[in-house]
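The structure is given below, and queries will be raised subsequently.
Chain lettering (A, B, C, D and E) follows the sequence in which the chains are written, and residue indices restart at 1 in each chain.
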Amino acid sequence: MYQLAAILTGRGAKLAALLMALIFPLLASNEYQVYVMASAFVWAIAVYGLNIITGYCGQLNLAHGGFFAIGAYTLAILTADHGWSFWPAFIAAAFSSALLGFLVGIVSLRLKEHYFAIFTLCVGFIIYLLLDKWEELTHGALGIRDIAAPNGLGLVDFSETRPFYYLVLGFLVFAIWFMGRLSSSLLGRTLLAIRNGDDLAESLGINLMRNKVLAFVLSTIYAGVAGALYAGMVRFVGPEEANINHTFDMITYLLVGGIGTLFGPLVGTIGIVWITQSLQFLEDYRMIIFGPLLVLLVIFMPRGLVGSFLGWKYRKDAEAAQAVSAKQDAASETRVSSTQSDGVNEHA
Amino acid sequence: MLQLDHVEVCYGAFKALKDVSMTVGQGELVVLLGANGAGKTTLFNAISGLIKPSAGDITVEGQSLTGAKPSAVVSAGVVQCPEGRKLFPQMSVMQNLLLGAYVHRRDKAGIQQKLREVLELFPILEDKKDQPAGSLSGGQQQMVAIGRALMGRPRLLLLDEPSLGLAPLVVKQVFETISRINRQGTSVLLAEQNAFAALKIAHRAYVIEGGRLVMEGDQAAMLGNEDVRKAYIGA
Amino acid sequence: MLRALNLTKMFGGLAAIKDVSVTFETGKINAIIGPNGAGKSTFFNLVAGAYKPTSGCIEIDGQDVTHLRCDLIARLGVGRTFQTTNLFDQSTVLDNLIVGHRLRTQSGLWDVLINSSRLQREERRCREKAREALDFVGLSHLENRVIADISQEERKRVAFALALATEPRLVLLDEPAGGVNPEETVGLAALIRKMVDHGLTVCLIEHKMDMIMSMADKIMVLNHGEKIAEGTPEEIKANPIVIEAYLGSDHDAAA
Amino acid sequence: ADDKISIGFTGPLSGGAALYGENTLSGLKMAVEEINASGGVKFGGKQHTLDLVSLDDRYTPAQAATNAKRLVQESKAPVVFVPHSGGVFALQDFNEKSNFLLMAYTSVPSVTEKGNKLTVRIPPTFDGYVEAFTDYAQTNQGKKLGIAGATHEYAKIWTDMITDYWKKQGGTIVVSNPMDYNKSADFYTGVSKVIAADPDVMFVGGASEPTGLVVQQARQLGYQGGFIVMDQAKIDEVAEVAGGLEMVEGAIGVMPLSVYDTKAAQDFVKRYKAKFNKVPGSEAAYNYLALNAVAKAMELAGSSDPTAIRKHLGEALKTMDDSKNPYEVVEITDDGGFVTETLLAVVEDGKIVRKPVEPKK
Amino acid sequence: MNMFFQQILNGLTLGSIYGLVALGLTLVYGILHTPNFAHGALYMVGAFASYFFMVDLGVHYWIAMVLAGFVVAVLAVLSERLVFHQLRNSPPIHDKIAAIGILLFLEAVVQMIWGSDFRRMPTPYMGILNFDGLIIPEQRLLIILGAFALMIMLHLFLRKTMVGSTIIAMAQNREGAFLVGIDANRVAMLTFAISGFLAAVAATLYAPINLVYPSMGHLVIMKAFVIIILGGMGSVPGAIAGGLIIGFAESFGGFYISTAYKDIIAFGLLVVILSIRPTGLFAKGAH
């Protein structure tokens, strides 16, 4: 079991996972499964963004779904109403959510904790209302159709599910790679220091606003990119994209996977997306099962799947270390085992 | 008054207290000496019912309080003035003090009487009585905390490092106060780093190290003990 | 080094610091003592830029820093510790310290993206700096321990190291020996001495009189936000106003 | 087994629009049960039972698309019913390629205007109502219209169309103040704003119950004029919430199914009531008849191939059993829209009365 | 002219309801230290419970209100015992997620039992008072009077009674409360019970002029969040004032600016106020 854990956290496991992802469309029994997986990947990208601001920087952003919608709508409006082709609109989508993220960030990040959370909740709701009411721009409740699919430059047709799957996979791999880079870099440490406490971070010469805004903008870029990919996949967007439920969903994915960990967002998103699909047969009863499930998970596995796994492995590591230096004082050893590892250790 | 028999406390797998047996007699002032992390706070919290011992018995005046709820412990006359103060920061100083008398809430006259005594003890609190406790300086908050504990009319007062962060003048006053409270008949168990000052007013002392009681003795013996001097009094 | 001129800080109607002027010299140990609530911590917060003064000004090495943001002041070379230490409980000592040198580095998002040589260089430097600071406070052997596992005194030392990793010229220590036993206090005092020997200016708040009196070059006494005395330990010990307000007639309480 | 044919449904079964989704689904359920009870769909010498597979999409287009792929690929459904335009649009993106017949329950006209060959619009477009209601109101009630309709997509299109036509016929819009019928905590403010402009006629309508509240509050605030009730709301249900038919005196709307005088409609209402213990709305009735038409078309085509079903739908509507066709839909346009006769009802002296509609050219 | 007073009346009605819901939220915030996202679901269950008592069991309006209050209070206490109490040492985000879990569960259960139809709740107070053109339906008057009476009672309870101040003490320092002998569990349960009761009463007051349906709590709870932020979290007078501010902003904004944008007005107001005063309107100076 422990050996298995070691393998699972090794470099080989990551390559194997990538390989699995690459051949998944060949193993899948039909296109629907590929489609679900692709949509899980799109959500996962957005959840990675949430992980930056919430997991690493400690600010619970409840407008994340709103920024996702901004990305989707930018792409939709530019391609459907203004005839842009996909990729320029895609860049514009990332840019517009970043710009809005910047503006919201410089106001909201002065607020602390729940104030920030509820402020962003309201921002998210305002985004929803604007998408719903500003008809000249967004077509209001009618939504926007005929959105361009990603342009394959004549080589591939991304309106087909399988090519699109690989496209999203590419973005996802990049998103994770960058996240890993970030979290182990000086910048990532800076964000963690802020999560740990504003005062101390400031006394270390860290510019709070600048770093928080940076993290916020980065997270909105992730959201915007995911939103744009989503629009390119579904090819229709409506104001419901900005529904607060999407934000709740993403937080759930993050928490189930493991907040502040590198692979938590991926595991959580894929896991829940498939569980939701398979609970479909329960129809109205679905939430009766899903709600308590969520509660149980939060109570009994508060650090999520990946977080718990890492904690468990960390303990085993400590025990292994103990076996080597058997002379250590018994107390201090058990102490090591009782401490909790965190996302930080994953990269340390 | 208070008796601990083979008490053991665990945090997860870590044993913070191991086989602790001790007594505090009626009217006695007992000091608990120990370095940081020795387990003083843990011991206090176990007595107060904030954590449940994994083994052993705690009795107060013959009544078993092992695993009792904190409110039951307070009702039994054992009140703690905690490390870190644990005040109600947005409530006024006065409200903090009054809540200290929560278990005596029906006895209005008694509360007023006690309140006068406390304010006499710490006159500065009189000036600050309507200010939120959280806006007071560290030392002032410590006074509120002690005052709040006294409002509970303890028969056994547990004081966890009451001199932490206090000015020398105030430390002196605090120790005098403790001594006075004790002389008036309240038993006191005092955890301190400031061993010299504490021992000077104490009857007896225990030394705790790594969760185990390693030494016990009366005032003179402790003050005279070379190891104690070296470790806790300095020079 | 540090000069405060007519510094005043009001909280609502309360003057936590009232018209305080003082000069602290480079390379010396400067202590601030005073009763609880005298405004000592507030004074530190003003110097470090965490609070903005109501009036008056602060200069560091002749530069006016009164209106600078906290992080800029830290960059100018002011490091500090807090009355209550909060560290990153769940990561290792070294990991806690690496970020301490962040303010002396430049790399940003772009460097992360391309993994620039600057970033690698700076990360190496931060790590070195952290080890150096850890070595300085004598905790090299704890490098890989998790903060939650170390003792109170060791935490105080880590907090020192964190402040030192910022490469300060002036360090503000708020009750560094609070909650530490006498034996360990001696060790911390030696460490503070060592800082000064390495050319740092130290500013210290402490209630442990024997420590202050044996170490400080200069002591400022605050009471109700006002400076009531200033001078060498001998002068302060003999000052009747200080005895009245703070020390008490025979200050043997602290042995 | 190949003698089982899956009928797909994706719609809101949880969340704010769940009621609507369930109403729609109930019509389909009833149709499936009746068809199976009578031996299923017969073609190719076999009896095929229908299997209704319903998935929840929480009203989101993306989930609708995912569901549709699942219905088509895992359940092999040749037909998918969708009751909201967002979902329809998302599905139109691939329904021809994935080869399934999209049964769209939405009267948004653009659903059929894009030339999608495998889309059927089940309800009629409402331009007929707009014209008939306007003409009646302008002749009988007055020329000043105050708009107090809902804000969801469907209501929005309605509002636009009636605004245009009302003005074209020489009327004026004195105030336009649409309100969110599904989420609003209170309509008092909005209604009082409309009344303050002193209209002769008020355009109202979203789901029946909130519409009833709007009407009630308008009356409470002293409004005396008539109402044009958008076809989503049923006058009888509106009256129930508003506190009786006298409250909705002068309301113009579609004939509620419950007062339809045809035998087919009456029968349908009776059967539906027996099964679900409530009065059916048009969602249920239309989807019921649409599924029956699809079943008939399969028999006529002798296959469950989507293109073949679509091809025989027109004939199926004409030849299907009357009792299965409560709305008397007899025709389907080339671009795939059902056609019905426009019926108009008005509340006069506390009774719902059917009024003739002069056919227009 | 009368339209102006009509909007005042309307603002008061909305403000009272929002205020009641926000009060429960603000109290529980003190115990949980996190906004209880499930509170809107309690409000909704409250409406269904009184509907059940009135329509299915034929109980009188006031009795139904009290019964519903008890049902929801029990539900709230259960959620505290079974969920939030277990999570008392977790980071705040966990409580929020658990609350969402509760919300999803309650909505699904209600939908399973009652379906998702809009329901109409009867009231014995159907009359309409007409003061020289100013129209006041009795039920609306009842809402305003009832809400204010409750608010004043609650305020007195918290300020003047020892039991009340234990709620505040618990909010500020749990362990401190333990150490003065307060039975913290009992206080937590009491607080949840009060908050649930208030939610049910608010719902029962409001339902007769609105509709009863499973998602009826969504917007109300969003508004309540806005209110407790505006008024300063944990502050009782703040919740009442915040409720009125939002109520008036909505009725006047809706009438004089735009009904379609009235929700944006409420939320926009919050954004503007928080941009200027990051701790809300009534936050105290100390921290």
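Note that a contact is a pair of C-beta atoms (placed from the backbone, for glycine too) under 8 Å apart; a residue touches a chain by one contact, two chains touch by 3 or more.
Treat the numbers as computed from the prediction; the structure is a model and nothing was measured.
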item	value
Common touching chains of subunit B and subunit A	C, E
Furthest chain, CA centroid comparison against subunit B	D
Centroid distance [mean C-alpha coordinates] between subunit C and subunit A, Å	40
Approximate Å spacing (C-alpha centroids) for the pair subunit A, subunit E	32
Between subunit C and subunit E, centroid-to-centroid distance (C-alpha), Å	47
Between subunit B and subunit D, centroid-to-centroid distance (C-alpha), Å	74
Multi-chain contact sites of subunit C, meaning residues that touch two or more partners	11
Residues of subunit E whose C-beta touches two or more other chains	107-108, 111, 260, 263, 285
Where subunit A touches two or more other chains, by residue	133, 284, 286-287, 335
In the complex with subunit A, residue positions of subunit E that touch it	29, 34-35, 83, 86-87, 90-94, 96-98, 100-109, 111-112, 222, 225-226, 228-229, 233, 260-261, 263-264, 267-268, 270-271, 274-275, 278-280
Subunit E residues touching subunit B - in the complex, by the definition given at the top	162, 165-166, 168-169, 172-173, 175-184, 284-287
Subunit E residues within the subunit D interface of the complex	3, 6-7, 10, 13-14, 17, 107-108, 111, 115-120, 128, 135, 137, 209-211, 213-215, 218-220, 223, 250-251, 254-255, 258-260, 262-263
Subunit E-facing residues of subunit B, complex	48-50, 69-71, 73-75, 79-80, 82, 85-91, 95, 98-103, 105, 132, 134-135, 148-149, 151-152
Footprint of subunit D on subunit A - complex, ascending	30-32, 35-36, 39, 132-133, 135, 140-143, 145, 159, 230, 233-238, 240-241, 243, 245, 277, 280, 283-284, 286-287
